[in-house]
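Scrolling down, you'll hit the structures one after another.
Both of the next two complexes hold chain A, though its partner changes from chain B to chain C.
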Partner chain A sequence: MLEVKGLMVFYENALAVNDLSLKVQAGQVVGVIGSNSAGKTTLMNTLSGLILDQRIKELRKGGERITIMGKVIHEGQDISDMPAYERVRLGIVLCRERHPVFPDSTVLENLAIAGHLRSKVEVAQTTELCFDLFPNLTRWRRRKAGFLSGGEQQMLAIGMALVVRPRLLLLDEPLLGLSPAMQEKVVEAIRSVREKTGVTIVIAEQFARPILPMLDFGYVIENGMLTLTGSGRDLMENPEVKSAYFGL
Partner chain B sequence: MAAQDTSKQVTRRRERLDRGIKVRSEDIYALNSWREALYLLAPRALPVVALVLLQLLAPEYWQRVLISTTVFALLAISWDLAASSGMVCLGQALFFGVGAYLAGIMNHYLGLPPGLTLPLATLGGGVICTVLLLPVLRLRGIYFAMFTLILPLMIERIIEATKVFGGTEGLSGLTPFSHPLWESFLTMTALWVALFGLRRIMASDYGLVLKGINDNDRAVMSAALNIYRYKAQALFLASATGAFAGAFMTHSYRFVGMPVFALDYSILPIASAAVGGLGTLAGPALGAFILVPLSEMLRGLGGLRIVIYAVLLVVFTVGLPEGVFHYLRRKYTQFERWTEVGK
Partner chain C sequence: MLQGTIIYGFINSVMLLLVALGFNLTFGISGVANFAFGALYITAGFLAWIGLNTLGLPYWLAGPAAVFITAVLAGLLYRFVVLRVRGLVVSEVIATFGVGLAILELFRFLGFIGFEYTLPEMLDLEVSLAGVIVDGQRLAILLVGAGLTLFLWWFTRHTRTGRAFRAIAQDEHTALTLGINTERVATVSVAFGAAYAAVAALVILPLGTIAVNEGYHVLVNALAVCIVGGLGSTLGVVVASFMIGFAQTFTATYLDTSWMMVVSLLAILVILLARPSGLFGSQKQLEERI
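Up next is the complex of A and B:
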């Protein structure tokens, strides 16, 4: 479904992603595991196309020059230069890190804004699905998103991505800043999303322990480079992963 | 398990690096050689020397334009200082007008000479404008900006309605500067003092707090700092700078009236900052030195002048959104080259 070939991303002279290649098959849950500054967010921004917009903005304000090399191929089509909004139309939807919601809009309004590409009926259906997946949100339908807890905002952010009815859902650090109990809830919700919608999911995450068991395939990256690949179970058994991510 | 693509492929990318001389001239090492010292000194000294020479050699008309440009540069610096501290003003005319009227009143009613009215109007203008804006320091963004836009318009109408300080006629026949050269060099000195002094302040720890307020005021509050005190102080510095510009123009024109609250004094500093580059103080000053003489040069075109002026403004802001100053500084300190990237 998605293939990345020899991706390299430079922020000025700093190499954030170094010759990275990966494949995502339809229906899979694929994980990109890496510690801080491994290049996860850069990879997700490249897959979603947001980095192209970032590159233009930096260029225009004379900031850091962002150089992108390599290819992103979606169902045989090279989308490396396709802007983010067009990739969303293809069904590639990114849920950015740190629960990006519209703080001054209510939960329902947030979902409605996110689903503007869809008909009202579709949005209503997916909204109900979101409330099924995230029951915590149900009682806060008309509450401003900025007043929700961090975990609830994360759930809402995932819900907003779902309203677009993605074919490929990119989740960038969905567990960031959440308590272990809340992390479990979000992981459970991601699992339900997959079961109920069959959407292909790519998760970039540094908390490997809760994520690895649900992965069909995982990539471990460090300093922008691919260091390990394998199924979720293989990676869980890998001594290097155990040492680096489980502290064992 | 590891699956790195090992096929050899070479591509090129553009690389940006600091110039060697920039690195060599950092800190005390700049004193190692004249070349390094000159590298540091040139961008600071050249504008000063150039402005002095221009003021001495230019025809009288352009000398007046230079004075007016310097005044607008002061207003632009004042705007940038406030904006860098999280207070985007739309009413630089308030600072200018209050300073202008204070100098006019002190000269007209009390007979004080420019040597006294200028410092008193600068300090007094700073205090009055700060006090006027104190109640709205808690407002941010467009709300603060709207208030600063309304205040000068309001004062203008009050003067018109109550006919105080000469009403619509204003106060004329004020004491001029004793010598045209004294006038030119006073405004230039004020510009350099404001520019270098305020840049020094912004580079200090105190300036870091002001920039922090602009970036994330809650984070600054969390560092146990009273942001409203800092904002009030920054506002005083900005308004005193603007008030000096106003007071100076009062004596330069020997007149003060309602036009000192005109929108020109609010808009041009913002346009200068947009063209020159925000957040550096030098950028907005440079912007004023581009826009004001440009406006004068286009004067011969009559009605088309505004159109061409607007087009040039658009070209600057769209073509060089980082600002002329940022662009020049980048070119001065860095170079670019193509480099091969091997995979």
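Up next is the complex of A and C:
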């Protein structure tokens, strides 16, 4: 479904992603595991096309020079130069890190805004699916998103991505800043999303322990480079992963 | 006298609201302080005048045409000038102010000066409000002001483009990841803001003549209202319009009309010293945007 070939991303002369290649098959849950500054967010921004917008804005204001090399192929089509909003039309939807919701709008308004490309009927259907997937949100329908807890905001953010009706859902650090109990709830929610929608999911995460069990395939990256690959179960048993991520 | 001052203060406040809504809308969504705003206001006035008097068009055609052309001009200004320097605040201000200055002084250069440059009144009647006579044009200002405020509220909540406006105003990157073409929507918001300026011009300018200097006054008033209310905050704009509007009218009544502009400038000065982010703006947003 998605293939990345020899991706390299530079911020000025600093190499954020180094010759990275990966594949995502339809229907899979694929993980990109890495510590802080490993290049996870840069990778997700490249897959979603957000980095192209960042590059244009930096260029306009004479800021940091962002250089991107390599290819992003989606279902046989090279989408490396396709803007983020057009990739969304292909079904590639990114849920950014740190609960990206619209804080001054209510939960329902957030979901309605997310349905920009969808008809009213489709938005209404997916909104109900969201409340079904995330019952916690049901009682806060008319509450401003900025007043929700971190975990609820993350659920809403995933819900908003679902309203777009993605074929490939990119989740960037969905567990960041959440308590262990809330992390468990969000992991459970992601599992439900997979079961009920069958959408292909790519999760970039530094909290490996809760994520690895649900992965069909995982990539471990450090300093922008691929260091390990394997199924979620293989990675869980790997001594290097155990040492780096489980403290064992 | 007090009743009259209150009623005319209310009308003056609605006039300020009318000119500030468009400026605030543009800033809130695109993040660009459009310093060509006053020039666009005057352009709409002269375009309507040309349509009516030079081309002989009926008002129902000349008015909307002026609004449409002004909106397109603003969209082009954003697309081909502002977008190239977007994110560089000083350059944005210089670029928009420069274009505004060029437009206004071009009108002066082309000889658009004189008492013949007036627009017709919309309502030819007089009514008594609490014993105070109010002319039809000022009633039209009240109606259009209320109508445009309600329309903006409805538009940003119940239309696809309006919701995209709100999305970009809150978080442009998240909007982009939801499939919203943020640059196109920002261009539409600038055009929309200019259309608001144009409608304001069509209802306010019939009270006097279309004068180039009025463009500068409108810009200062819009800036004063938006800075006092909090840049990007619609509620702030409404509250600040009434505060400054009443302050101006009381000053004009009990001091002199020449002091009205001083009130606007003083309001900017006081709020920047006491609460730089404005009454309803947040300091964080101000630091991020300015």
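Going forward, the second predicted complex is superposed on the first by the 248 of 248 C-alpha atoms of A that agree within 3 Å, B and C clash if a C-alpha of one lies under 4 Å from a C-alpha of the other, contacts with A are read in each partner's own complex, and residues count from 1 in each chain.
FYI, a contact is a pair of C-beta atoms (placed from the backbone, for glycine too) under 8 Å apart; a residue touches a chain by one contact, two chains touch by 3 or more.
These numbers were taken from a predicted model, which means no experiment stands behind them.
Engineer: Assess the superposed three-chain arrangement around chain A: do chain B and chain C clash, or do they fit?
Structural biologist: clash
Engineer: Just chain B (first), just chain C (second), both, or neither: which does A:Met82 touch?
Structural biologist: neither
Engineer: Of the two partner chains, chain B (first) and chain C (second), which one does A:Glu12 touch, if any: first, second, both, or neither?
Structural biologist: Touch partner of A:Glu12: chain B, not chain C.
Engineer: When the two structures are overlaid on chain A, which partner does A:Thr227 contact: first (chain B), second (chain C), both, or neither?
Structural biologist: It touches chain B, and chain C stays clear.
Engineer: Looking at chain A, which partner touches more of its residues: chain C or chain B?
Structural biologist: Here the partner covering more residues of chain A is C.
Engineer: Can A:Asp104 be said to touch chain B (first), chain C (second), both, or neither?
Structural biologist: In the superposition, A:Asp104 touches chain C alone.
Engineer: Could you say whether A:Thr67 touches chain B, chain C, both of them, or neither, answering first, second, both or neither?
Structural biologist: First partner only.
Engineer: Check whether A:Met214 is in contact with chain B, with chain C, with both or with neither, and answer first, second, both or neither.
Structural biologist: A:Met214: touches no partner chain.
Engineer: Would you tell me the residues on chain A in contact with chain B in one complex that are also in contact with chain C in the other?
Structural biologist: In the superposed arrangement, which is not itself an observed complex, chain A uses residues 60-62 for both chain B and chain C.
Engineer: Would you mind writing out the residues of chain A in touch with chain B in their complex?
Structural biologist: It is residues 5-6, 8, 10, 12-13, 19, 21, 60-63, 65, 67, 69, 225-230, 234, 238 of chain A that touch chain B.
Engineer: Across the complex, what residues on chain A touch chain C?
Structural biologist: My answer: residues 48, 50, 53, 57, 60-62, 83-85, 88-89, 93-96, 100-105, 109, 112-114, 116-117, 160-161, 164.
Engineer: Note which residues of chain B are touching chain A in the complex, please.
Structural biologist: 1-5, 7, 9, 11, 13-17, 321-322, 326-327, 330, 341, 343
Engineer: For chain C, which residues count as touching chain A in their complex?
Structural biologist: Going by the criterion above, the answer is residues 83-88, 157, 160, 163-164, 166-167, 170-171, 173-182.
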